[in-house]
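Input: structures, listed below.
Look at the two complexes coming up: subunit A is in both, with subunit B in one and subunit C in the other.
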Partner chain A sequence: MSKIIDFQTDPSKYRHWRVEYDGPVANLYMDVDENGGLFDGYQLKLNSYDLGVDIELADVVQRMRFEHPEVKVVVMRSGKDNVFCAGANIRMLGGAAHAHKVNFCKFTNETRNTYEAAEEDSGQKYIAAVKGACAGGGYELALACNYIMLTNDSSSSVALPEVPLLAVLPGTGGLTRVTDKRKVRRDRADVFCSIEEGVKGQRAVDWRLVDEVVPNSKFDEVVAERAKEFAANSSKADVEKGIELTPLTRSFADDGSVSYSLVEVAVDRNANTATITLKGPDQDVPADMDAAQALGADLYLLRLARELDDAILHLRLNERKVGLVVFQTQGDPEAVLAHEKLLLDNADHWLANEILKYWKRVLKRVDMTSRSLVALVEHGSCYAGVLAELLWAVDRSFMMLDEFDGDNRHMATVTLSDSNFGTFPMSNDLSRLETRFLGEPQQVEKLKSSIGEPLEAEDAEELGLVTYAYDDIDWEDEVRIFLEERASFSPDAMTGMEANLRFAGPETMETRIFGRLTAWQNWIFNRPNAVGANGALQRYGTGQRGEYDMERV
Partner chain B sequence: MLDLINVSYDTQIPNNVGLSQDKKVLKALEKWHPGYINWWNDLIPQNFQESMVYLRTAVSVDPKGWAKFDYVKMPEYRWGVLLAPQVEDRRIPCGEHFGEPAWQEVPGEYRNMLKRLIVIQGDTEPGSVEQQRFLGLTAPSLYDMRNLFQVNVEEGRHLWAMVYLLQKYFGRDGREEANDLLVRSSGSEEAPRMLGAFNEETPDWLSFFMFTYFTDRDGKMQLESLAQSGFDPLSRTCRFMLTEEAHHMFVGETGVGRTIQATVEAMNKAGIDDPYDTDKIRNLGVIDLPTIQKKLNLHYTLSLDLFGQEVSTNAANAFNAGIKGRYMEMRIDDDHKLTNDTYKVLDLEGDMIVEREVPALTAINMRLRDDYVRDAAGGVGRWNKIIEKAGIQFEMKLPHQSFNRKIGVFANKNFDPDGKMVSGAEYDKGLQEWLPTHADGDFIQSLMKPVYEPGKYASWIAPPKVGIDNKPGDFEYVKLHMA
Partner chain C sequence: MSKIIDFQTDPSKYRHWRVEYDGPVANLYMDVDENGGLFDGYQLKLNSYDLGVDIELADVVQRMRFEHPEVKVVVMRSGKDNVFCAGANIRMLGGAAHAHKVNFCKFTNETRNTYEAAEEDSGQKYIAAVKGACAGGGYELALACNYIMLTNDSSSSVALPEVPLLAVLPGTGGLTRVTDKRKVRRDRADVFCSIEEGVKGQRAVDWRLVDEVVPNSKFDEVVAERAKEFAANSSKADVEKGIELTPLTRSFADDGSVSYSLVEVAVDRNANTATITLKGPDQDVPADMDAAQALGADLYLLRLARELDDAILHLRLNERKVGLVVFQTQGDPEAVLAHEKLLLDNADHWLANEILKYWKRVLKRVDMTSRSLVALVEHGSCYAGVLAELLWAVDRSFMMLDEFDGDNRHMATVTLSDSNFGTFPMSNDLSRLETRFLGEPQQVEKLKSSIGEPLEAEDAEELGLVTYAYDDIDWEDEVRIFLEERASFSPDAMTGMEANLRFAGPETMETRIFGRLTAWQNWIFNRPNAVGANGALQRYGTGQRGEYDMERV
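Let's turn to the complex of A and B:
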């Protein structure tokens, strides 16, 4: 699986999904093209999916927010008879390298989280209208919706058959959402998650697995009715028109480097390192949100978010040996703050809201990236407001102290804004500053008095906003030695250590999915009982069962 | 009517499973039985419920007991629970447990797979009765009406047999599935039967004969492979069901044969030798041979779909688990495990039909379908003998397996009955020649007038050569209740 995976798509290229817009209601049909798999060697039968299918879904969800803000209810349904969705394609999983499986699951998890949060973030409510088999990843798709309707035809059921059938877990949030979101009683959850056939009809409601069962003959009618009802009761403001998410400008170099309009990704494959440089604004702040909307996808903070998002995904899937990602920024911090201020001041404007919520997701994507992350605060940088969040998303940060010989860029500073105090919560539902100062909550309060003040290295280090500040004499060696040392550690130990240290504080459903569920799933994905030559995943489809080593570990 | 309060299960329900001593199953059947009787009563038109029908009842599994003929009202038919006698030291005949003693209880690890197979099989049994519920109103003779009802009550008994297994061996889940068998209903918008072919209408008697010949033959093949099950109670149940299934196919084969017989006799009598002289032939009150061929095409291809995907994980799992074997498993000379074997399946490469070797385990469905195709060819040959004997130039043919398919690699592709891929336009045009049109349906319907006089037959069908239970030609097989 060495081909480049592109996360950019648009409706003209979709092979697996289609959307019918009907005023405030959008009908989202999953109709997977069997022969449209991302890789060779498997067919996407019965609406099963692979990463390619999910990339399209992520695109649909994103465009729903920006291009169709008039939509208040999205009805997710199947374009096929007799099957809603059979989940992730087993042959694809069986044939995929471990790293691909892990990245696939991570991306699908992020997509599920995105549309699950769409109701709270943007007032777009997702309904799953389930007709036909809805198993494994199919039920996980439905679980991430805000409301689940199941037809009562005495054969359609919802099921999580992974454990009995494949010896793996429902790892795209399945186990967690059953207990934490649907709040299914644990013994019933235990029954549900260990039977292949799932649960149908009234019992699915009684067990809280779905919200409603509907007589089969009235299914479409009731679904349409419910969608209308939810749309009418929605508090989402009416928005006439969205903006178009135009294609990104980007080019790839042979050495793996990628250039966007505001983001440069320099890849050094020998050093297993990538440097992501974010540029400050290249345009004036629009006078108001109307002017901002007129700029559309060209608006600085939106364009930057899209490019950074794409760069992160590209590195995750296509540059898997890059173990260390270095963040840099270059530009005018004042201008960054001014662009951000327009959004913060107009947070009730739909587009401002969408862009801020998008930054929340992109920053979470950074948090969740299993690479060593470091930020360099050099002279000429613009770590202000939203971009300062990167400093607390990374594992370590280094800042230039005092003037550097022959460097005439403006002095390195860090500038806090209101947004650093709650606009971009992490998956643990705390701000990055709250997480950073978990043991000294008073520090967060204290930092509020520094809002808007460009903090130079000494102050930034003193206030705990960066790890180390180095002057001209130390900088080069200290940074080099750190980078070299970091790149030499075991990538497994690094991933494990970082994932544990990054998410201090309370558990949420999201941290449980990305922590507990994912970690167990990834362990199972390494165990012979699942992936060995005679494991259940490899044997699936051959007729022979997996052979299990019955030792409990 | 059956006294539902005081059912004496050992007398009302012929059984060889010690029903009256089995408290668990008794309790379950007591709850299920009223629902079943309601289902039956709501199904068949009332005057037939009250009629005395000369039916065969199985009261035991020995040669003397399995075919007792007498007049009975259908709701009082004694639906028995009968298993073929236990074979001593029976072994699992296939899969990874090959050679181990057959299971007398459900193995926990295969609970779901077994249950699903039994539910699907069970779902087809009442399905066909539902499809045929109104045919009594247009029966071409009392003989045929009696055959219809015989098939119906036996399908009902087969439902009982599956329900018994669900209730006896699958605990609470099994009871719920048994109840759902009475909830789903053929063609229902609310809760249709599980398999497509059992939601199609059986609009006329020729369809009924085609159905019993082709679709019940799929049932036979499924029962044959379930009769090989390592789960002994399922095997024994299916083995006994097969004795009855044979009669259903007899009804189908002779029904189509007698229809053909009437057609060629009428043609000869009128001096018509061109089988395509449709209007003239139809004016004789018989069904022209090309229309019979179209019906054959339809029912044969619908039945092929029942075998599922050519390459199937579920079928592989079931075989390897030893819960579903192949047709005549015991007579096949191989290791009965198939872990290293391959089997040829039909596949598509572009527009070309090719044969491809695939792991034999995954091709279990295809193999059973191949056996079916061979099995189904026999009757067609006998039909052609009738035509040949009458001196008419026409040959009935099984269409190619790629034609008119909704499941498998050929699904929704434009193949003609010879297996040639044709353009969309050619296909649309050809369909009128290949499958029954609405106009054909209108014509056949026009012939569907009941004939209720003993010994008399509708114009479009010839009398049988021999009566049921060797009864004479004018025997009153159904004493109609004319309220």
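Let's turn to the complex of A and C:
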């Protein structure tokens, strides 16, 4: 598994999904091409999926928001007879490296979270219309929908058979959504997660596993009815035309580096480090949202978000030894703020809303990235508004203090905007500043009086916005020593430490999925009972059960 | 490490702790006997600890509540010069089996939680008076105290050096208490957890790592002052005399079974199963709390709690292949309720309060036990009030329906009492019934109308209090099939599944420690970077750092 995984796709390339648009309703068919696996060595039978299938789904969901804002209801269904979706492909999982498995699950979780939130964020409601077996990751696809309909026939059921069958967890949010979204009674959840065959018919409703069970003969009809009904009752404003998400401009170098129009990713494989540089605006602020919409995917803040998103995913999956990601920005902070202001002033415009919500997701993707993250605030940088969020998404930040000899770029500053106070909540539902100042909530209030003011290093440090400020004499050594030291630590300990330090404060279903469920799954993904030569994942399909060491931990 | 670990001790046997009682203030000295390790192969240098040291601490904390209710402030300090506590012993950790490490951490976490809650539960406030190095598990001891004082000299600091030094996490609540209790700013937490040398002096206060820093010359004086001050301001009622926690009556059999006065533990090592049977009262209800206090440790509900607590710990540490624990009760439910009523009616009496709070802790210990838990509600049983909590602490329950041929015990019933509605919150701060009916909160209200009514199987099942009710024809087969199937599943998958299904609803610091921090630590405890032949734990003390696979997961 060493070829480059590309997260960019478009409908002309889809092999596994198709969408039929019907006014405010979109019918989304999962119809996995069993020979279309991302890697060799497995077939995607029974609508099972691998990362490639999920990359397409993520693309569908993203385009639904930007290209099809007229859609109010998305009906997720199967394009195959007798099976909705059999879940993640077991042979793929059995053959994948630990780090690939974990990053695969992380990406699929992010995609589930994205369409789950589409109703609240954009007024696009997802319905799962389940016909045929819906097991494991298949039921997890449905669980992330806002409404689940199940047909009532002898072969259609919902199931989470991972534990009895594979000795792993339903790790794409399954356990968490069963307890915390569907609020299934705990002993029933225990039964449900311990049986291979799943639950069907009225019992699935009684146990809160689905919202509605429908006689098989009327299923398509009732699903269509329900979709129309939800669309009619939607509070989403009517929007006629979206914008096209045109292909990203980018070029990959052999050493893992990537150049985009606004983002540079420089990979140093010897140092296990990558530097992501985000550039300030290369275009004037459009006069209004009509002009912004005319720019479409070329609009600065949308383009930047897409490029950063792609860069993060590239590093996660393709550069697994990069343990440290350094963020830099270069550009005019006032121009960043001006671009952002257009969106904030028009937050009720569908496109402005979508771009802001997309930034929320991209910043969460940064938060969730299991690499040490550091921001350098150099002279010439543009940490303002949305880009300043990076300073509190990272584990640590360093800022240039006073003038540097021979450096004639503008002085390093941090500039707050209204967006830093709630526009981009973390997965704990707090803003990054609220999370940062959990112990001193009054500091968040105090910071509001600094909105719009370019804060130089001394002030930024004093206000707690950066970790360290160093002058020309110390900067190079301090930064170098930190980077070298950080890159020398055990990557596992870093992953565990960062997973615990980054999300202080309240927990949400999202933090539980990434913090609790994922951590246990990762542990199990390391245990011989699951992944050993005689473990359940390896033995799957051989007719033999896994051989287990019965010691409990 | 195969000798039986005994969780019972008393002050006459302590090797590592001593307490000096001074009216409302108790000075608790950690003075670890370096040759007093629980196992061979390591020395407990520098006040480092192993499970044996923690068993004594747990005993101290427990006796403080029952034997010394006059104490309002406990000052935790070191009996050694130059070191407060160096944390968990690394050689012990390096040599321990995975399951022992995990259960060791779980027990130490439970002990930390217990004294941390002593202020709220019993008005006993713990102060950490830190002089000398206070590192890793040592700082975690302090973090669980309600107030941390640090002396200001060149060698005294607080530190969490696990990550840089050992490639594991500060897993006894360290990371969670830094972010969520101390609310340390996230980038500072990142710095703090990445440096071996820790933080001292005023910076430790500024970074919220300690509450007070005191000049070294005045340290003892100021600590004594602060202790007096806290004692004087305590809202805890004055109590003159406690009760003695006399030794448990118990006998161990070779097969792992244990007999107590009220609890029978029957271990079936072939089936990887243990049955814990709790007996109803063997004494009349005392007339009042004076009479109850006169009975002391012999009082039914206190004795039962102590025996159950010991039984659970025995199974956890000494019978690690027991994957399934079956709870049974036998006795008169009304007598259980009568004993409970005395405590509930006198909840403001110090001893009644202590016994109820102890049950809260024991039931949490059950919740936290990584074994599949099942309750059988047979004829002749006494699932009433506090004992009924077991029905919702377990993963599943089975109840006998109607009369059984040849069984002349009284009919199986479940009886609710007031205590089921808030007296014994889980670690998510909800009652077990609230957690169970998260999806139907109105059901909890409805159940209040059944308080005091002995509910037979049909009603109990209908009300959602048990999972299944079976009659004479089905009972034996259904229970047997379940037990066999359950015992055949991968124990790792069970542990992960149960950790996710048991704690629906809100998260607290406690659930975060056990759910998120522990899960990540367990994962790291399986990774070669920490525990492999060239990992950091093995190489500790050799002068060589661990050799790390730099791939990030």
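Keep this in mind: the second predicted complex is superposed on the first by the 553 of 553 C-alpha atoms of A that agree within 3 Å, B and C clash if a C-alpha of one lies under 4 Å from a C-alpha of the other, contacts with A are read in each partner's own complex, and residues count from 1 in each chain.
Assume a contact is a pair of C-beta atoms (placed from the backbone, for glycine too) under 8 Å apart; a residue touches a chain by one contact, two chains touch by 3 or more.
Keep in mind it's a predicted model, so treat the numbers as computed, not measured.
Participant: A:495 in the overlay: touching subunit B, subunit C, both, or neither? Say first, second, both or neither.
Facilitator: second
Participant: Is A:542 touching the first partner subunit B, the second partner subunit C, both, or neither of them?
Facilitator: first
Participant: Name the contact category of A:197: first (subunit B only), second (subunit C only), both, or neither.
Facilitator: first
Participant: Given the touch rule stated above, what does A:111 touch, subunit B (first), subunit C (second), both, or neither?
Facilitator: neither
Participant: Now for A:164: first (subunit B), second (subunit C), both, or neither, which partner does it touch?
Facilitator: So A:164 meets both subunit B and subunit C here.
Participant: Return the chain, subunit B or subunit C, that is in touch with more residues of subunit A.
Facilitator: Here the partner covering more residues of subunit A is C.
Participant: Go through the superposed model and pick first if A:153 touches only subunit B, second if only subunit C, both, or neither.
Facilitator: After superposition on chain A, A:153 lies in contact with subunit B alone.
Participant: If you stack the two complexes on chain A, which partner ends up touching A:217: first (subunit B), second (subunit C), both, or neither?
Facilitator: first
Participant: Just to be sure I follow: which residues of subunit A are touched by subunit B in one complex and then by subunit C in the other one?
Facilitator: Residues 164, 545 of subunit A touch both subunit B and subunit C.
Participant: Quick check on the complex: what are the subunit C residues that touch subunit A?
Facilitator: So the residues of subunit C touching subunit A come out as 98-99, 102-103, 162-164, 166-169, 175-176, 178-180, 182-191, 193-194, 208, 272, 320-323, 370-371, 392, 394-397, 435-440, 464, 467, 485-486, 488-502, 504-507, 512, 515-517, 519-524, 526-527, 529-530, 536, 545-546, 548-553.
Participant: Which positions of subunit B touch subunit A when the two form their complex?
Facilitator: Interface residues on subunit B, with respect to subunit A: 96, 112-113, 115-116, 180, 183-184, 189-192, 194, 313, 315-317, 319-321, 338-339, 359, 361-362, 364.
Participant: Considering the complex alone, what residue numbers of subunit A touch subunit B?
Facilitator: 152-155, 164, 195-197, 215-217, 540-545
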